[in-house]
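First up is the structure itself, then whatever we jot down about it.
Chain IDs A, B, C and D follow the sequence of writing; residue 1 opens each chain.
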Amino acid sequence: MSHLIEMAGISKAFGGSVALRDVSLTLAPGTVHALMGENGAGKSTLMKILAGVHQPDSGEIFRAGRAVSFANPRAALAAGISTVFQELSLLPNMTIAENMFLGREPVGRLGGIDRRRMREETKGALARLGLTLDPDTLVSELSIAERQFVEIAHGIDADADVFILDEPTAALNAADVEVLNRHIRALREAGKAIVYISHRMDEIFAICDVVTVLKDGQRVGTRPLSEMAPASLIAMMVGRELEDLFPERGEGEGAAALSVSGLRLQMDSTPFSFTVRKGEIVGFAGLEGQGQQKALRALVGQFAPVEGTVSRRGETVRLPVPKESGVRRWQALGGAFVPEDRKDEGLFLGHSVGQNIVAALHAARPALKAAKRYGAVIAETMRRLNVKASGPSAAVGALSGGNQQKVLLGRYLATDADLLLIEEPTRGVDVGAKAEIYRILRDFAKAGGAVLLLSRETVELIGLCDRLYVIHGNTAVSEMRAAEATEHGILDAALSA
Amino acid sequence: MNFSSSTFGKLLTGRGSRQGLWLLPFAIALAMALWLAVTTSQFGQWSNLANLVAQGMPLLITAVGQMFVVLVGGLDLSIGSVVSFTTAILALDLPGYVTIPGVFLFAGLIGATNGYCITRLNVHPIVATLSMQYVVLGITRVLRPVSGGTVPEGVRWLVEGSLFGLPLPILWGIATLLVAWKLLYGSRYGLHLFAIGGGVAACSDDAARNFGIPASRNILLAYVICSLFAALAGVFLAGRIVSGDPNVGLLMELDAITAVAIGGTQLSGGVGSLHGTVIGVVVLALLSNGMNLLNVTPFVQTAVKGILLMAVVALQSRKKIGL
Amino acid sequence: QEVPLLEGVTVRAENNPTVEEGKYKKDAPWVIGMSSFGVNANTWTVQVAHEAQAAADRDKRITKFVLLDAGFDQKKQVADIEDLIAQKVDAIIVQPVTSTSANASIEKAIAAGIPVVLHTGRIESEAYTTEIQGGAEHFGKVMGDFLVKELGGKGNIWVLRGLAGHPEDANRYNGLKQSLEGTEIKIAAEEHGDWQYDKAKKVCETLYLNDPNVAGIWSSGADMTRACVDVFKQFGAAIPPISGEGNNGFFGQWIADGFKSVSSEYSPAQGAAGIRAAVALLEGKALHKHYDYNPPGWDLEKVKKYYRDDLSANVWWPSELSEEQLKEFYAKQ
Amino acid sequence: MSALVNSTLFRRVSKVPPSYYLLVVLLVILFVARPQMLNANVLGVFVRQVVPLGILVLGQLLVMRVKSIDLSGGGVILLINYCISSGIFPGASLGFYVVLALATGLVIGLFNGVMVAKRRVSAVIVTLALSIVLIGFVQYLSSGKPPGDVPKIFAELFNTRFAGLPSPVVFWIALTALMALLLSQTVFGRFVTAVGESMPAAHFSGVPVERTVILAHTLAGLMAAIAALVQTASIAVGSVRVGLDLPILSVAATILGGVVFGRGEGGVWGPFFGVLCFAFLFVVMTMFGVGDAGKLVAQGLIILFAAIFYGLRADK
């Protein structure tokens, strides 16, 4: 048997909705197997079944030829299957080292925990990913990208034969992705089987050997990637050719929708200014963690800069603004802010799609007024964003990652904001949906709105935006027209600053 | 240098650690002790300090136990009844080698029932343990309608005697803290409690389970531990009042929770420390002893206690809103 | 030369050793400590504290009177007495929370050479110096005897008890049991009203609606009698014979509504009696170990003499408070 | 067992807060044992006994929906009772006392809210501490002037009837309906739901999180003040002691009614019936002559079993 894993005829339904129908998948040693498909196609569900999180309704799993079934993630790990889950699942109140070893802590003398060993091994695992984090740092203190790395380190450091990486790069930038890729290649050299889920085409072609495409819970096919080109892969996923991922750029430059001047993020950083005009999509580019997010969050009070002035609709606001009222103040000025971390900051996971969509609409009204129903708004938003859910009353927590992202975006598009601040507009969103979101944002701009966003995907910034600010060292080091920008040019601008 | 990210700032605000905000209450306890030592002549006397240890011991033991369930985001309101129940059993006309193992057995069962209802039957901790409080109190009232009986002489010695010149209550305290320390910090179990609590506080109850930690079993065990500590406190109290009493544990659960919270342990779970709990107990004990020594009239003692409590907790702001 | 402690207090006849003269004699000024089982338990306990304070204030030789409140908490009482010993007070007065919980610390006080006066609650140990005890059995029996007489020895009664687990409650109830022995009176219902108006009212309403036919009600006193009478009035029913105690509000009700009742006496001035006993010990006078406080019940005539329409419901009779203090504390609004 | 737990019927039944069927069970027992008691007059008297608790619960469920808790009700009731009964406001009218009580409750609730939402102090501890402060304050005041009589008008009002039912009961039902309207029909109700589910998500949706929590606590303070007025009217005399059990009972009734921290499946009527359960539990046990110890055991077991039945639902 040359297969490490064979999944045969797997079906799974949640309540009434079928997530997987008779899906088969084989994993061979020394290959990186891409799993592709639109949001909600069933990729995560399939992998959760392999990882022991869910149990299949029917179908079998063979591990090196022998039928197995995993009652829980622990059992799967014991059988040599290690998983990096899509939704971040680290415990915020535990240190990196503790998270890495949770459930399998080394025991020292007298039954105590061998903390020194945990620390050393964690340090090693992090170092192999090029990280110099202190293993004793609490996870709650880490940025999302750092958490993602810890999660990856946790997953790939295990003593396993099969590694499942479910959108490991959603929160990573290009440089980080390269570090990860090196690692994955090393695992491949060592004869491991890797399942790699991502919505970023370039990564798939850079690292994977074979691709299996799922659509609506069914397997479309499995092909070697050497036979494929991006266009044909997309066609396989979407069921049609995708003419163009990015919509046409806007033309005119309107009046300033937002101008920020003298924004000094930290005591020792250089103040900088930027503007966003009506009809324009502007992006913050640059290496991860150089201040893009701080600048954006400063506008809504979620980061306290040293100083700065915001002009908007003829009003001038001095920064910093209070953390508590910042978001409301921003919304009162006709703005919207879409947070990056949809699980922890964005969505009401236990609430319905409808409730999530209208949350910001309610928030704009006085507390003691009668609440409106907004049935039409919900229907229209779900249609406009093409949200795949059984209906407005489906719980958001049960949607696939991409659909959750759409619901989140929908909440802010449903308000009559004319200025959107977006952190990661397409995190964990499939190509088809990406194209839809790009189109929606462009339409929004064409109708006189303005968008300011940041993204870890440079390609996205270049393709979607009109104008880019390259941020480095907590200040804007360069401004460029997106049409003329290149990945190389951006990196160059950032690093030569 | 940003204040809140400096080492001292972190210690003061409790950020970047899961020990909770214990430094301020520590400073308050210290200030109270110093003030009492300066303003009253009796405070520093050996006999008063020995009293203080003995007076604070039941609270210390119950608070330490309570901390285990608070760390996993729970609460145990039944411990006051368990304490009363323990004294009632000890005051039965039975030899100590029967009653003492007996009370721990019963307490373990009570804790296990609490834990079972909470983890397997999905009952809210407040409801489960409040029901248990009623049930155990009822049984205690049947066993011993009014206070009375005598506890075995040995139990009294355990509380009032001394060993190698050390009053035994001090040894009780040391033993309690050692056991708790070992459980919390010297074992995988303790680490898992923090992990489970962290998941509960982050509203993802399954987080710890995904790491392969048997969350239900660990939580159940936390309630057993809490109950066992309550029984231990009951044995201590029985030795102190030398009789059984159906009401002796009344409202002890609230004091224990208060002490735990003053020490910086967050009631939502996952954040807290053993030394914080000790500090919380010390603050409460000093408050009561100090007011007696300062001759504060009983008509204002309650108010002073409340205001001081309020001051201590008001200083302990956290990131989270709620419980 | 008997020391006068309180009207109605008598020296127990048998088994009554004396505290030898001069044993605790000490020169003034004195510091006297008192550990109350619960100053703020109800308006009666508040008045006990006031009576004690007033008595201490009247005696210029007492320079400091330290009153500590256990708040019905046995643990706290133990700690309170220990704290009083640590402060080296000259005498300690104890109102015990329970019959056993304070024993150990009382022994400690005696061992430290501090006399201990006990009142409003017995303990199982003999370690104290002297005690003034209103017999709770006697209290309950006065009420019980009244009912037996009124009912002619037969009929169904309700029993409204005080706080469950409290020795005073159990002992008063035992007194009732003594009265009922050999009669045909049956207890049809027995409930705890915690000596509080609201709980007692709830109980009485429920009992009444369950079965309104009752020949008499034994109420363990405090605010419960008033609650029960109010229930019968609310339903427009005749008020059966019911027992009560020396509360001004209850007196007013009794006088106005003219039902059959008896008032057991349990004066808050026992607080003052405790002070007098402590002073006598410090003066070096010989005291007996046991004093009983078993006064007869009050009838309507006596009640009318004490009742004060200008004072609020919360005064308890008989009182030693001065007219000014009564007015200051209890004047009706 | 698991077949039972998974059956659709069971699931549907278990969606219903425990208070509903517990109440039905109690009423059936009452009907079998004492059919004559099942009339509006008698039931009204029983229900009237728990009106203060019921009003307290209206506030409790509100703060529990925003993941907070209010244990200060005992202190509020004591303080307001003292203000009315001690005669420190000689000759004051009913209106004055009502305004005074509401203002007191408002200030206390606001204080709780600010401490919990702005200062971010643990709600359990801060409200408990405030309760201790208030009780201590009353004890201090009563050493100078013990509480006395409550103006007659309170008791008179308490004993009136409205549409054949005792007025306090009608008042409670009306107040509950108002609270139900507030939560289901207003923007504030949506805020409460949002904040209860996820505070960060609410914050980023523009919901004024702190203000919502503060308002919830303020309303809870108001409810406690109203409960205090009713309680005072029912005792008709001053008191220096209240049980701390009233706030804890209000938490239990709220949870029995299907409202837990953050979630409110039982709405407002679930806890309403939870309170009724407590009323009839007491009645049924008194009727059967269950003693004090037995009452405690039975009360504990019944609450527990109701909660277990509810907790067993498959979709946890």
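Structural remarks
The criterion applied here is as follows: a residue touches a chain if its C-beta (ideal position, glycine included) is under 8 Å from a C-beta of that chain, and two chains touch if they have at least 3 such contacts.
Owing to the predicted nature of the structure, the values given are computational and were not obtained by experimental measurement.
Touching chain A and chain D at once are the following chains: B.
Graph distance from chain A to chain C, where chains that touch are one step apart, equals 2. Using mean Cα coordinates as chain centres, the one most removed from chain B is A. Each of B-C and B-D has its own count of C-beta contacts, and the greater count is at B-D.
Here the spacing of chain C and chain D, counted between their Cα centres, is 34 Å. Centres computed as Cα averages put chain B at a distance of 28 Å from chain D. Computed centre separation for the pair chain A/chain B is 44 angstrom, with centres defined by C-alpha atoms.
Shared interface positions of chain B, defined as residues touching 2 or more other chains, are 141, 145, 251, 297-299, 301-302.
Of all residues in chain C, those that touch two or more other chains are 39-40, 49, 164. Chain D has residues 139, 142-143, 198, 209-210, 292-293 in contact with two or more other chains. Those chain pairs judged to touch are A-B, A-D, B-C, B-D, C-D.
The part of chain D that touches chain C in the complex is made up of residues 34, 37, 42, 45-46, 49, 86-87, 89-91, 139, 142-143, 145-149, 151, 159, 231, 234-241, 282-283, 286-287, 289, 291-293. Chain D contributes residues 185-191, 193-194, 197-198, 200-212, 215, 263 to its touches with chain A in the complex.
Those residues of chain B lying in contact with chain A across their complex are 15-18, 186-188, 191-192, 194-195, 197-199, 201-202, 204, 207-213, 270-271.
Chain contact summary for the complex, chain B toward chain C: residues 42, 45, 47-48, 51, 54-55, 58, 141, 145-150, 156, 160, 237, 240-243, 245-248, 250-251, 288-289, 292-293, 295, 297-299, 301-302. If you check the complex, the residues on chain C that touch chain D are 39-43, 46-47, 49-50, 164, 189-192, 196-198, 201-203, 205-207, 209-210, 223, 226, 230, 234, 249, 311-314, 328-333.
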